[in-house]
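Look at the two complexes coming up: chain A is in both, with chain B in one and chain C in the other.
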Partner chain A sequence: MSSIKIEGVGKNYGSTRALSDINLTFEPDKIYGLLGRNGAGKTTLLNIINNRIFADEGNVSMDGKTVAENEEAQSKFYFVGEKMLFPDSMKVNKAIKWTGQFYPDFDLDYALKLAELFELPLKKKISGLSTGYKSIIKNILALSVNTPYVFLDEPVLGLDANHRELFYKMLIQKFSEKPAAYIISTHLIEEVTNIIEDVVIIKKGQIIKNESKDSLLSQGYSVSGAAAKVDAYIQGRTVIGMDNLGGLKSAYILGERQADADSELEFSSLDLQKLFIQLTNI
Partner chain B sequence: MKKVLNYQLSTMWSYYVAIIACYFFVIVLGGFIFFVSAGSSNGQSSGLEMMAFIMAFVVFVSGYGENARFAMQNGSTRKAVFQATMLNLVINCAGLSLVTQIGTLINGVVSQSGGTLFAGLSTLVYGVDQGLTAAIFTNFVFTFAVMAASGIFGIFLAVIFARLGKNGRVILAICVPVFIFVVLPIIISYLAMNAPDFMLGVAEFLHTVLGLKSGNPFIGSLSFMIGAAIVGILAYLVNRKMEIK
Partner chain C sequence: MELNQDKPIFQQIAETIEDGIITGSFGEEEQIPSITDFSVMYKINPATANKGINLLVDEEIVYKKRGVGMFVAAGAVKRLKEKRQTQFYEAYISRLIKEAKKLNISSVDIIAMIERGYDNE
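Then we have the complex of A and B:
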């Protein structure tokens, strides 16, 4: 299966620069975390890849062909956006049926099984569903279409903890049984940390990190302990952030951990959410 | 494109039910009036065609955006959506035109409109004296052409709506009826008073292209189809850069 190449993509909304010189490759059969703060440009990027909007500069291609207005390429993608694009009057069972008509590898039995697991009311109109159930129907379709690329923009929006856990469980199960590329854009970084393999961090329309999660987290470490000890330790080191709590301090440091470290300090690996916050706060 | 067309066609049945129900109501009403007036009713037109023209406009102006969004959710392109919509327009204008002819014929039988069995709009406007089959065929073509023009104008407005932002949509929603019902009549009356020769030329041109001068409904039908094609090309060009957000 081919990869998606994003080259020099830029997008403006009036005088606002939403995306700037985005260069990125999405490989098949991987789970990506597309992370960024509100308004960073995540949804804009997903909209461009999925032919919803047009890039002002650059190109998104697959097998050397642009994916914009390319039915063959778009048939390999499924995009769950924040906005429902289903007709208001459409019932849940019709949405499942019609999605199956558009995607030849759609697994109807699996979709119905998921609907039962999530207790999705099949005969209800989509417009009458709660925010959580609207997310559920979109996620069920995304897990059942069996396309090589699935883009999930805030997939757990409005879902309660039980449904969130069930969704992640079904996603991992689906991925292990039938691998595909899942690109998950979310704010809930802690919840997806254990799922994602690669991390793409967007800040103010630009990609600031694009690498494997393990590689990203191995670039630094955190050190905690008495404030004075921590302050002494971080001298001459690249500190990307600090937290204070009373006389205790935690520092997040880029670079390799020193072997002769002070035994009174506590060392741990970087936390993705902490790293994200530090990287996007700067 | 085929999948989009299948989906679009599947959404049309409710419109057929609505228009057949309307026709049924008109026919029953016509029959009732004929009955109570003891056969003295002399209605010349049932207005079924006008209902179909309005229906075509409403169906496509209201349905295009929704259909396009659903198709694009499922990986279709703007081009495929537009092509499918055009085919849907042709199929449904032909279907609705056929239903209209049947309705008009039944209405003619029930209410004995003007003493004739088939009183279609083209017969009334152009005054062509034809046999029953020829009259039905002529009216079928004429109804189809006007309905297609009406539907494509609806699509054009829907496409412009989809391209515009919220403020633009409000402005368009106000400007179109204001232009048609206020500005245009003022311009026409102004020109009629101040440039009568120009207006006579325009009237002459319209009489010719609509086939009224020659009394030929096929010329009128052809003009409506050419007009529909021109608006269709404009709609396609606007549709190419439509964004779904």
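Then we have the complex of A and C:
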């Protein structure tokens, strides 16, 4: 399977610059986390890749061919977005079978097995489903289509903790048994930290980080202790954020952790969510 | 086991399996769960679980049988105990001393506490 190449993609909504010079490659058989704050441009990017809207500049391609208006390329993608593309009056079981007709590798038995696990009411109309169950049916389809690329935009929206846990487990099991590329856009960073392999962070329409999660996490750390000591330590270092609590101070730093560190200071690694918050603040 | 972010996840997976071997949950020459089982159980990327298990394969604690699965090597318990013993000072004692010094607890006091606790546990 080929990679998806995104080159110089830009998009404007009126006078608002939604995306600017996006360069990115999605490789097969990997789980990506597409992270960004509200309005950063994640959904716009997913919409462009999946032929829902057009880019104003640049190109998305596979094997040198643009994927926009390219049915062959689009048949390799499955996109779970905010919108439901089924008629409101359609029943759940009909919607599942209907999807199967468009995707030759759709696994109906597996979809029905998942429906049972999630206790999805098959005979209900789509319009009668709660927000959570609307997410669930979309996710079940995404895990059953067997396309090489699956894009999930906020897949756990409205799901309770039990269903989120079940979804992540099913996703991992599926990925482990039949690898494909999963590109997951989510605000629940902590929940996907251990699942994703690569991280793409978008801030105000631009990519600020695009690398393996392990390498990204190795770039940041925090140091805490007496304010004066911390202030002395951070001299000449790249500080991306600070917290104060009385005479105590924590500083978030980009760079390699120094081994010869002061023993009165407390050093710890930054988790992905903390790093994300510091990198995307303002 | 709960995963935390203080240590790389693959290392925590390796340590969990090591603990299982040391305590006898996974016996020598017995099969251990698959990469998929571990990944789903801990909700981690299979590549991470694989990396953790490969640490144990490299140390010859676990071996892979093609198409069958993964097994605990003979002699694994003894080797793991020896490894943990050599790491004991770094992992526990040096941290204990650091904390004790912060609280002005003398080495005599620590030894007394250890002796008291050792008999009770």
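Before moving on, here are some points about what is shown:
Simple rule for what comes next: the second predicted complex is superposed on the first by the 279 of 282 C-alpha atoms of A that agree within 3 Å, B and C clash if a C-alpha of one lies under 4 Å from a C-alpha of the other, contacts with A are read in each partner's own complex, and residues count from 1 in each chain.
Here is the rule we use: a residue touches a chain if its C-beta (ideal position, glycine included) is under 8 Å from a C-beta of that chain, and two chains touch if they have at least 3 such contacts.
The shown structure was predicted, so the numbers you read here are calculated from the model rather than taken from an experiment.
Once chain A of one complex is fitted onto chain A of the other, the partner contacts of A:F175 are limited to chain C, with no touch recorded for chain B. By the document's definition of touching, of the two partners only chain B reaches A:E71; chain C does not. By the document's definition of touching, of the two partners only chain C reaches A:I31; chain B does not. By the touch criterion defined above, A:N194 lies against chain C but remains apart from chain B after alignment on the C-alpha atoms of chain A. Judged by the number of chain A residues each one touches, B leads among chain B and chain C.
Once chain A of one complex is fitted onto chain A of the other, the partner contacts of A:Y110 are absent, as it touches neither chain B nor chain C. Legend: residue contacts after superposition of the two complexes on their common chain; A:E165 is shown touching chain C, with no touch to chain B. Of the two partner chains, chain C is the only one that A:S269 touches; chain B does not reach it.
Those residues of chain B that touch chain A in the shared complex are 3, 6-7, 11, 66-67, 69-80, 241, 243-245. Listed in rising order, the residues of chain A touching chain B in the complex are 47, 51-54, 69-71, 74-75, 77-79, 83, 85-88, 90, 98-99, 101-103, 147. Taken in their complex, chain A has these residues touching chain C: 31, 165, 168-169, 172-173, 175-177, 193-197, 214, 263, 268-269, 271. Touching chain A in their complex are the following residues of chain C: 3, 5-6, 8-9, 35-36, 39-40, 42-48, 98.
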